[in-house]
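Worksheet for the structure shown next.
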Amino acid sequence: MRKDQRSNNKIRQVTITPDYIKHPEGSVLIEFGDTKVICNASIEDRVPPFMRNQGKGWITAEYAMLPRATQQRNIRESSKGKVSGRTMEIQRLIGRALRSVVDLNRFGERTVWVDCDVIQADGGTRTASITGAFVAVVLAFHKLIEDKKIKKMPVTDFLAAISVGITSDGTELLDLDYQEDSEASVDMNVVMTGEGEFIEIQGTGEEATFTGDQLQTMLGLANEGVKELNIIQKTILGERVNRIGETAQTKEDPS
Amino acid sequence: MRKDQRSNNKIRQVTITPDYIKHPEGSVLIEFGDTKVICNASIEDRVPPFMRNQGKGWITAEYAMLPRATQQRNIRESSKGKVSGRTMEIQRLIGRALRSVVDLNRFGERTVWVDCDVIQADGGTRTASITGAFVAVVLAFHKLIEDKKIKKMPVTDFLAAISVGITSDGTELLDLDYQEDSEASVDMNVVMTGEGEFIEIQGTGEEATFTGDQLQTMLGLANEGVKELNIIQKTILGERVNRIGETAQTKEDPS
Amino acid sequence: MRKDQRSNNKIRQVTITPDYIKHPEGSVLIEFGDTKVICNASIEDRVPPFMRNQGKGWITAEYAMLPRATQQRNIRESSKGKVSGRTMEIQRLIGRALRSVVDLNRFGERTVWVDCDVIQADGGTRTASITGAFVAVVLAFHKLIEDKKIKKMPVTDFLAAISVGITSDGTELLDLDYQEDSEASVDMNVVMTGEGEFIEIQGTGEEATFTGDQLQTMLGLANEGVKELNIIQKTILGERVNRIGETAQTKEDPS
Amino acid sequence: MRKDQRSNNKIRQVTITPDYIKHPEGSVLIEFGDTKVICNASIEDRVPPFMRNQGKGWITAEYAMLPRATQQRNIRESSKGKVSGRTMEIQRLIGRALRSVVDLNRFGERTVWVDCDVIQADGGTRTASITGAFVAVVLAFHKLIEDKKIKKMPVTDFLAAISVGITSDGTELLDLDYQEDSEASVDMNVVMTGEGEFIEIQGTGEEATFTGDQLQTMLGLANEGVKELNIIQKTILGERVNRIGETAQTKEDPS
Amino acid sequence: MRKDQRSNNKIRQVTITPDYIKHPEGSVLIEFGDTKVICNASIEDRVPPFMRNQGKGWITAEYAMLPRATQQRNIRESSKGKVSGRTMEIQRLIGRALRSVVDLNRFGERTVWVDCDVIQADGGTRTASITGAFVAVVLAFHKLIEDKKIKKMPVTDFLAAISVGITSDGTELLDLDYQEDSEASVDMNVVMTGEGEFIEIQGTGEEATFTGDQLQTMLGLANEGVKELNIIQKTILGERVNRIGETAQTKEDPS
Amino acid sequence: MRKDQRSNNKIRQVTITPDYIKHPEGSVLIEFGDTKVICNASIEDRVPPFMRNQGKGWITAEYAMLPRATQQRNIRESSKGKVSGRTMEIQRLIGRALRSVVDLNRFGERTVWVDCDVIQADGGTRTASITGAFVAVVLAFHKLIEDKKIKKMPVTDFLAAISVGITSDGTELLDLDYQEDSEASVDMNVVMTGEGEFIEIQGTGEEATFTGDQLQTMLGLANEGVKELNIIQKTILGERVNRIGETAQTKEDPS
């Protein structure tokens, strides 16, 4: 039996607190059970050199953990003077995922910097980051609309991510906590749209392999989890939800 | 008039939330008005090389800000690959201050790592860090006592820090927020014990100088502020307060 | 029509040259069309600190490209003083993939360092690296057997990787070259065993999403490609093939 | 009794050798007893990016020690690849102190780089650096006047720094040498103007605290020491002394 | 007797494979016995900042070894985050040597990047690099001529390099392999033009010294070796040889 | 005519001030005209890892310039976070040169750290460094003898270095100052023993080549210069000179 009597196809208690930090254009605290991530979206009025003079915007993400977000204290990456491979993988994943549901042509030559800082970790920090970052980005674009800098929401669809895995005795689980994750033989992160299409699948079985059938079962669980996350995101976003996808149907230029 | 009708000799609303993060041995969220700092104290069962085989412990501190803790987003120090001079100054200050009220002979060859992570900044982040870190360290040592690893609290006295300054029109202020600090001509941080003695004074007037009389006025304000902070710390610590200073009076060895 | 009249479900011409560099315990040059990678496997008689005193071995991989392996010259990572996120992702992937088909308990406290150096790039460098690295590792372990340092081959199954993708007009392709890859809307790398099970799936659609049906079609293509690669690997390995999987069936200790 | 029969309120023998190195616009060797620091002031005809297009100048300082300036050889910071926290603190202090007595509006968009290189250390290297750097900066500005690049001396007042401390038996000392400093329980550096006002106070008692009375005694000693240093600076500067403070009284623009 | 019955005044078997990698403007694989180096010359249409707006070109070189080019695996310089002193010495030497036979005024504001990557090492990697890099550079310039970007070959003379040394028993040798080099008491690298003049001499006797007579003998051997290398270079270059030196005799401007 | 009426075969005024810095075991200030280098030799009672447990010592050198030793201020290498190729070449050269006249078997498992810090540069800093470092090392070993840690001087012969060059009009010069060096077409540094044998020759003609005859003339000049330097070294060393070479003739073990 899972902790908290959770059944195998259930996600943990998920809470999203909007406007968590006062300075960023968009900010949420997202909690997947005991995993807590601050997701801040900052708008900068220019793009990186490789994007200049194309009339388009850019979205990039950074991810970090406080040294004692985990059971054992980790050395700060600023002290080590370099960012680990794991951190780079995760922040590249978050950025790619967000860019897949945002129309870069619709918010001018601006950069959205998304910072996902894990203040407490208990498994699933990358999926919580993506799910929370999506809300922070919508809030930040909404502020641009309110400030009359753009007219339409550049976000084309919902976005959420969840982990699935297979335990050492072969059971498929949804939304693994740290304990479950460290005992699992297969670990997969799935990023999906509100329309139920795949954005990214990253599945790995370091000590084990998995069959095509197991893959299908895991993808089914992920699909259920993402739908639940979408509902929670919609509750927080309220009427701002209606603007999502509007650029997909319109031809207007950004102001 | 100051924001929130605060008079010149008053500190901001200060809140300390204990046990804020679940993994560290000691953890608090401290708020000085809109400045919010997570202070985590972690116990490691060994000391750095320069302290080995002396039968003593060590306390060291690290300080960082989330990129969007401030009005403008700052580049992460991990991305820059080095820690700034400002960060180094602050973390050296926090470490020195804590070591001045802890008897390093009383907790064996252990290191206390104190991490002060500013999640939202509005002036006074270093004084909030010291004041909160003190509470986190007491909580961490209390856990060592509960776990029967040491018998006495190695903390010898209370510790808190507050900023004082002089405005461009010559008025002395206690506990400056960001707006006040950026307009002040003199800026001073004062770290004091519960007994009212000085641990550290760092005063600087980059665009202005200050007289001996102005110095006295500022030190008087700081003294008042620190006394208020000590009261708040005591409320949070509850009966653990009684153990502070006990090593100063005893001769027992650490277990 | 694809370059070289290749049909959509065909891999490119694949060549593996064994014993390419004389110093390493195992060495091959692998070519996927115009993509050329030197894969060297080196045996070191100790393990990294986190693996010590467990009686087990370790396998780790590094990946790099010569500056002019690509159409535009890239700055050397040694000159930049840091390894890029892309490089880290790839070398972590190669290492994980190899460890999933090697029994770390069967070759003592040794590290296998696998170096995949791309001397000419035309798409699929990471899948060529994994496929070539597997052969280099088998050669290196075979040398340990010949030198009577271990008795059994610690490799438990075959391993190969191939890319699949979806073109902008919705066609699924196997083994994309650089031109195809840069025009594709979905890109996926699949790592599989000789038994046809999955080791790793990494699929991403930065500008597009993909459905469950498209996923199935791509996985089918990957399965065909991996089977072809296994045949080429077996030809090169000759009778050494028979030793693969032998540890999976035996209980003997490493000498 | 102190070394060299010095009484507690006396500074060491202080010598300033002007024009010590031939290339810099201003250069001195300053000696506080056995502490020897080369202070070079270099004029660059542009300012750092954050100061551009403001019509103002900038002053910045760097501080270093030769590896064997000390009793034990230190590893070069260039070999370590980073500057220590201690070095950063000192060079930030030197820069701030100099900027507080220079009118940045009076020498155009130029940077004064001040390099303080300790060739032999025996305590008080930062106070010797500030005191010597002041002279080097006046010499450099004097050269700008001679070269008819500016008309008035931008230096508004004298500047010197001295250390004070409290021994473990409670005696206050002026200008501690290395031996005294390493045994002291309180250590304070005081930077003052020729007018006797404070520019910076940095006092710390790592193993001990200090009372308000002790603070007053230390500040009184520092005041005496700075007055003596001002006299020595004036002797070296000769008639150039008369130009100090002239900008404070004039309204002319820099040429 | 030397390996392969080579006499003391003979170079090893030298092979140059042109057009080895397909992307670079000039590319060769050069082999000196078992030493194998890929030399790629890339043309970039701009010069580094210190060369801008002078109407001249620049040539720079980088040198690296694959980790397992040697008997023992070396740590990658990208992993260490810095380039070793040895690497820097060699790449500075290669760049200097090439610039001495190229007229920088004859190919516009372009940079030739020369990458020498040792894939297998057996002594003499720097002399093989220079000798091969020369051919790659001629090929790259020839491409510029074919593309009608320049009219004349900017190369003024041939260039090759060879090592000489003295064994511990006092015998002078030409073109030392790794084994010979590691046993030699004197080691010298000589870079010469096709005209038989010296471009660079670097001789060192770490455990031994050498006399003027020994120096003369070594220089004589080097002269013979360079002449042989020039013949091999000419064979590869074919009729392109005729263009070498043409700028030395002409006054035309680059187009 | 050369500056100071110096003829082409004359070295500049050379001055060596022994015991220049008080802490190092050996210390000199050496001046070649306006070039001034502090050479400190420090004894450490252990060797680097690659030399351990061989019963031998090690000598290594580091070289640096103060930022304003030159006409234009250079950025500190500690600020850049890395050591330049030029610095690395020079410090490797100094170390090699010293090791060629010291018997590493004669001073136990100790490291001699030689720091050459250029405080003022006017050409020839590397030759001044070698020539001064030799004296500092003899002084340091003499201190080991006085402290009864070793019995014999491990230095086997004298060592000095000088530069030679060819002007753009073809004249050979000895000991070039900065102005001469920047105008020369060929530049060569020669390191020789007291016995007149070569330790190291580094000659380069970046814009020009040189013939065998020119090489002979330059080597002749260098030989004269080194002899003069040896005389100056002997004067400073006084009766310590007699101990040089004694290990070359004895068989005693180090104490």
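Side notes on the structure shown:
Labels for the chains are A, B, C, D, E and F, by order of writing; each one numbers its residues from 1.
Going forward, a residue touches a chain if its C-beta (ideal position, glycine included) is under 8 Å from a C-beta of that chain, and two chains touch if they have at least 3 such contacts.
Owing to the predicted nature of the structure, the values given are computational and were not obtained by experimental measurement.
Any chain bridging chain A and chain C, meaning touching each of them, is missing here; the list is empty. Any chain touching chain D that also touches chain E appears here: F.
Between chain C and chain D, the least number of touching-chain steps is 3. The chain with its Cα centre farthest from the Cα centre of chain F is A.
As for how the two copies chain D and chain F face one another, over half of their interface residue numbers coincide.
Separating the centre of chain A from that of chain E, both taken as means of CA atoms, is a distance of 51 Å. Centre-to-centre spacing of chain E and chain F amounts to 29 Å, using the average Cα coordinate of each chain. Shown for chain A are the residues that touch two or more other chains, namely 81-83.
Chain order round the ring, anchored at chain E and oriented towards chain F, is E, F, D, B, A, C.
Contacts from chain E toward chain F in the complex involve residues 82, 84-86, 88-89, 91-92, 96, 99-100, 188, 193, 195, 197-212, 215, 219. Of all residues in chain B, only 21-24, 27, 34, 38, 40, 42, 44, 62, 64, 66-71, 73, 76-83, 87, 113, 115, 117, 119-120 touch chain A in the complex they form.
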